[in-house]
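The structures considered in this document are given below.
Common to both upcoming complexes is subunit A, partnered first by subunit B, then by subunit C.
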Partner chain A sequence: MEVLQLIVNGLMAGTILAVPAIGLTAIFAVLRFTNFALASHMTIGAFAGFVANVTFGLPAVASLAFAFLIAGLVGVISDELVLKPFRRSGFITTAIGSIALTIALENLVRFIFGNQLRGYDLPIQRDWSFSGIRVSPQQVENFVVAVIVMAMLFAFLAFTRTGKSMRAVADNPMLAAIKGINANVVARLVSFVAMGLAGLGGMLIGLDTTIDPLIGFKTILQIFAAAVVGGLGSIPGAVVGALVVGVGEELSLLVLSPAYRTAVGFIAILIVLTFRPRGILGQRAY
Partner chain B sequence: MEHYLVAMGVTAGIYAMMALGMNVIWGMAGLINLGLVGFFAIGAYTSGLLTLKLGWPIPLGILAGMAAASVSGVLVAMITVRLRGDYLAIVTLGFAETMRVVMSNELWIANGTDGLSGIPGPFRQALGPHLFNLQFLGIVVAVTVILFFLVERLVHSPFGRVLRGIRDDEQIVAVAGKNVVMFKVKAFAFGTAALGLAGALYGHFTSFIAPDLFAPLLTLYVKLSLLAGGLGNSIGAVVGAVLVVFFLESTRFIIPWVPGISAVQGAALRELLIAIALLVVLRFYARGLVPERIAQPQLPSTPAQASLVIGKST
Partner chain C sequence: MLKTTRRKVLKGAAALATTAALPKGAYAQGEPIKIGILTPLTGAGGNDGPRMLKAMTAVFEEVNKQGGVLGRKIETVVEDDQTNPEAAVRAARKLIEVNKVPMILGTWASAVTAAVAPVCWESKTFLMTVSGADSITLLPHQGFLIRTQPTSKLQATAHGEFLWAQGGRKVAIIGIQAPFAMANKEHLEATLKPKGGEIVSHIIYEKDKPTYRSEIDQMMRGKPDYIYTNGYAPDTVVLLRDMFRAGINLPKFAQSYAVPQPTLDTIPAEVSANVFTGQPSADIESPAYKLAAARIGEKEPDGYVSQATDWASLAVLTIAKAKAVSGVAMKDNVRKICQGSGQKVYSAVEGLKVLAEGKEINYEGASGPCDFTDIGDILGCRFRYMHVVKGKLEFLKLV
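Now for the complex of A and B:
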């Protein structure tokens, strides 16, 4: 029974983790670098949602939309001003630039909001129990939101012209340019959607617990683990990877202390890179 | 004040050692290492624990710290160097964070978040705090100078040429019959040993280490040192380290003058300034104050001269 409860928790957590993991992998697929600034955008989303929810008194779902919007906008602006010029000088420069950016933005949030833990303004609800498995209504709501957002994203990528052009650039930038797809527009769009997803994910994680400026940096390793396990650059891979990492972390509680949750993600990365570097649904890793 | 300047000098020396080590990994071999703080921590903890708990002599502890950091560097490199650089970035960052989690939670190794205190320093009791610091400054300067010349030797050796070749075009080096993976692993082994050395000396100087000291921000400081000085050359690494320590310390003095901010805001502002400094340097002065000198071979300008040159060499 305990194992079943852990698996349910893991699937719920994994679904939420998948949202920012999709953002990370989408940036990798289209812009071809690992964007560590995802961490600060999760923090920004979590705090934007906090302002909407606590200061303006909006319900959680509306606040999530606000978190997406603000994180997405900051993502486009920071990419345009800071990261885009770095991309020409290679991925090491870009990766280091994105780490510096994430520390800068995180401290901007810390400057405004301070270091203390904050919670969202949520109605207190009793846990639901299904034949011994307990879930909180908030968990279910987060799960449903994450699933709907991902379904919308898949529909956008599969059926709309813009979504198709994004996939085209990810697949073969040269061919996409020949067909007249404007790479700059696609880059901005990817930055907006990916960082928006990061912000949304940051708030979803915060809804389950509390938020502080480090919320993004504390989860970034799990998100990288999800993306790498699934195959960096593959969006369905990010979802599968996130579920594997989510369930793996919960099951690790059977043998390890809860403090080692983040280490589980790291171990997952090492195992996958050793035996199947392309990830479960992989793309090129070499 | 003198006390403060001496401590600042020791910090600059330790940063310079890290910058020299990173120069081999990043500047010469072109490999990314976002987890240098993890290797620094391994050096500090290994040496600290061995000298404190098992009573090893300090030089032996430092050597063990270097070895431990180097071995973990080799392991990390072996898993990732075959893959694209992005994976090395993720794994090294993950490695540093995981090290911090382990050190924070395993009370039996090193007291968890409380840290390890009372790490012995050479002749700490006999010299008193003032002379001890001066003596340590001497040790750090000597070690930095030795490391500097070692790295310089490496730069001009065939090994260094292959590393720079890998950085500039891996495929050509592979075609030339060099085992690229082995060279990368060796670069990591050497660089992480220098990081471990810096960590071990840091622990023996301050006598206290805790997981919180090994935050990712330290990684940024060293990157900033290397970039400010000029990536790929040893003088730049040392100059950059001194500049960065000076910059870091001066922000400490400037921040209290900003009116109406709390201590947390001051700390946030300081980190913000440092991150922005790194971004600016990375963007506009990526070649640094002392740019890498690349030896230009004397190329013959006309075919006639070419045959002359060839004739001479044979």
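Now for the complex of A and C:
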């Protein structure tokens, strides 16, 4: 029973991690660098959702949509103004530039909203219990939102012309250029969707906890671990990686003190990369 | 138009070299005394750090208005420790190596102080802190550290007495991974066990996790009747939410810094029901406390603000007593102005006047008497307990 409860807890935690992890991996697939600015876009999404929910009084789902939109827009602007010029200098410069960008954006949020903890204006419900297994309604809602968003993303990539263009650029940028796909448009689109997902993920985590300017920074390592374990560049891989990290962390409690939980994600990276250097599902985008 | 020539550059370099070679005392009188402030302006201590900074600044401004100390104004150099040991060490090095401060006031989290203290004693920089972990003053700090916060032992013993008085017999501890975690458990156990109480579970969790559901499940296996939380605000809020969701209605104790009113305001009132908080209390009846309250325009400054007030006052008075500005002078003279049989004074300005008359002083602070042991601990203090009622902190008792 205990194991089952831990698995349920892990799946819930992993699904939420999966949303921003998809964003991180999508950017890597198309633009070929690890965008650590994802952390600040999670923060921006969490605060955009806060404004929508607390200031404008919007319900949770509408606030989540607002979080996606604002984080996505900031993502496009910051990529265009800051990271795009870096890309000419290579992967490492751009990744380091993204760390600098994330710190700058987090501090901008701190400047505007201050440093104190904040919470959404939503009631907290007691857990549901099914034959001794407890599930939080909030976590189920988060789980459902995450699954719907991921399903929409997969459908977008599989069935729309734009989605196919994104996959084409991810798989073979040169061939995609010869075919007349505008790499700039795809870059903007992927930045919008990926950072929108980061913003959504930031608010989903905030719904379960509280929000402060460091909300993204605190989880970025776990998200990075999830994306790498699944196969950096593979969108289904990000989901698998997030679930592995989420469930792995919970199951580790059977043998380890909770004080070592984070180590599990990184031990998972070591094990997976030893046997599958490209992650569980490899690096194919889709 | 200014023109840079080889001759000008050489002259400038020579002037610079001469200035650098001058002993400290040869600087023109009136050059400001730089004091390093390293409080958490962000991170888990972000609620307390800015208020502590404000309290210190208010004391220095008051002193500066009266002409400063040793004929020099006080100038603060402020850095954010981010409640993060790595960032704090970087900031401390900058304060010491670039700004050349003789002392640093303000570290808050025990893990931060444990990281910053060696940087300080190695460079003979004096450090004042509110960190409570027993291990802090047991470090080989050679006298370059004092703290105005009671030790974990003093605190946990007082908390144990409180829990017992509240009816806590089977206590579960759930706390963050921190230097004070194990010590707190031992001291709570040592207080409860002789009375017939026991610690039924002890969970140490990692910070910054979005949920602690599994940790709470583990804790509840001990079937406690009272829960002692031992974390910081961000993680304690997650704990309270998860405990509410799990239907746990037991009384819960938390350190006051883990559930300040602004944090309580972020969660529904039913989530914080049955929460009690405790903190080392300021000496609310002392004249120093009243002066501190008036100085910063607050009705009831808390323990941290009071301690920060005392650091600033101790710094100024020690400099005046030593007639020197250095970490060594601080170490050698701080106890000469705050304990002993000198005339009692309650503020830096008052103390400066008495010292100027050639008399000995004994500074009695806003946080307490400010009497320190050889290793830098305070000798004792009061504790203030609060109860959360409908989401608001209400005074319960002072012990």
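The criterion applied here is as follows: the second predicted complex is superposed on the first by the 281 of 286 C-alpha atoms of A that agree within 3 Å, B and C clash if a C-alpha of one lies under 4 Å from a C-alpha of the other, contacts with A are read in each partner's own complex, and residues count from 1 in each chain.
Here, contacts are C-beta pairs under 8 Å (C-beta built on N, C-alpha and C of every residue); 3 or more make two chains touch, one makes a residue touch a chain.
Quick caveat: nothing in here was measured; it's all calculated off a predicted structure.
**Student:** After the alignment on subunit A, I want to confirm one thing: do subunit B and subunit C clash, or do they fit together?
**Tutor:** Aligned on subunit A, subunit B and subunit C clash with each other.
**Student:** Applying the document's definition of touch, where does A:P123 land relative to subunit B and subunit C: first, second, both, or neither?
**Tutor:** second
**Student:** Between subunit B (first) and subunit C (second), which does A:I181 come into contact with in this model arrangement: first, second, both, or neither?
**Tutor:** In the superposition, A:I181 touches no partner, neither subunit B nor subunit C.
**Student:** Go through the superposed model and pick first if A:V74 touches only subunit B, second if only subunit C, both, or neither.
**Tutor:** neither
**Student:** Quick one: classify A:Q5 as touching subunit B (first), subunit C (second), both or neither.
**Tutor:** In the superposition, A:Q5 contacts subunit C only.
**Student:** Would you check which partner chain A:R134 touches, where first means subunit B only, second means subunit C only, and both and neither mean what they say?
**Tutor:** second
**Student:** Taking the superposition on A as described, I'd like to know which of subunit B and subunit C A:I92 touches: first, second, both or neither.
**Tutor:** A:I92 sits against subunit B, while subunit C stays out of touch.
**Student:** One more residue to check, A:F266. First (subunit B), second (subunit C), both or neither?
**Tutor:** first
**Student:** Touch test for A:A37: subunit B only (first), subunit C only (second), both, or neither?
**Tutor:** So A:A37 meets neither subunit B nor subunit C here.
**Student:** Considering only touches as defined above, state whether A:T209 meets subunit B (first), subunit C (second), both or neither.
**Tutor:** In the superposition, A:T209 touches subunit C alone.
**Student:** Once the two complexes are overlaid on A, one stretch of subunit C runs into subunit B. Is it 25-33, 61-69 or 115-123?
**Tutor:** 115-123
**Student:** Where on subunit A do the contacts from subunit B and from subunit C line up?
**Tutor:** 110, 115, 257, 259-260, 262
**Student:** Give every residue of subunit C touching subunit A within the complex, in rising order.
**Tutor:** 41-43, 46-47, 50, 177, 203-206, 208-215, 217-218, 233-234, 237-238, 241, 244-247, 262-263, 266-268, 270-271
**Student:** Of all residues in subunit B, which touch subunit A in the complex?
**Tutor:** Answer in residue numbers: 26, 30, 32, 34, 79-80, 82-87, 89-91, 93-95, 97-98, 101-102, 104-105, 216-217, 219-220, 223, 262, 264-265, 267-269, 271-272, 274-276, 278-279, 282-283, 286.
**Student:** Can you tell me which positions in subunit A touch subunit B when the two form their complex?
**Tutor:** 28, 33-34, 36, 82, 85-86, 89, 91-93, 95-97, 99-101, 103-104, 107-108, 110-111, 114-115, 217, 221, 224-225, 228, 232, 257, 259-260, 262-263, 265-266, 269-270, 273-274, 277, 284-286
**Student:** In their complex, what parts of subunit A are in touch with subunit C?
**Tutor:** 2, 5-6, 9, 12-13, 16, 110, 115-119, 123-127, 134, 136, 138-139, 205, 208-210, 212-214, 218-219, 250, 253, 257-262
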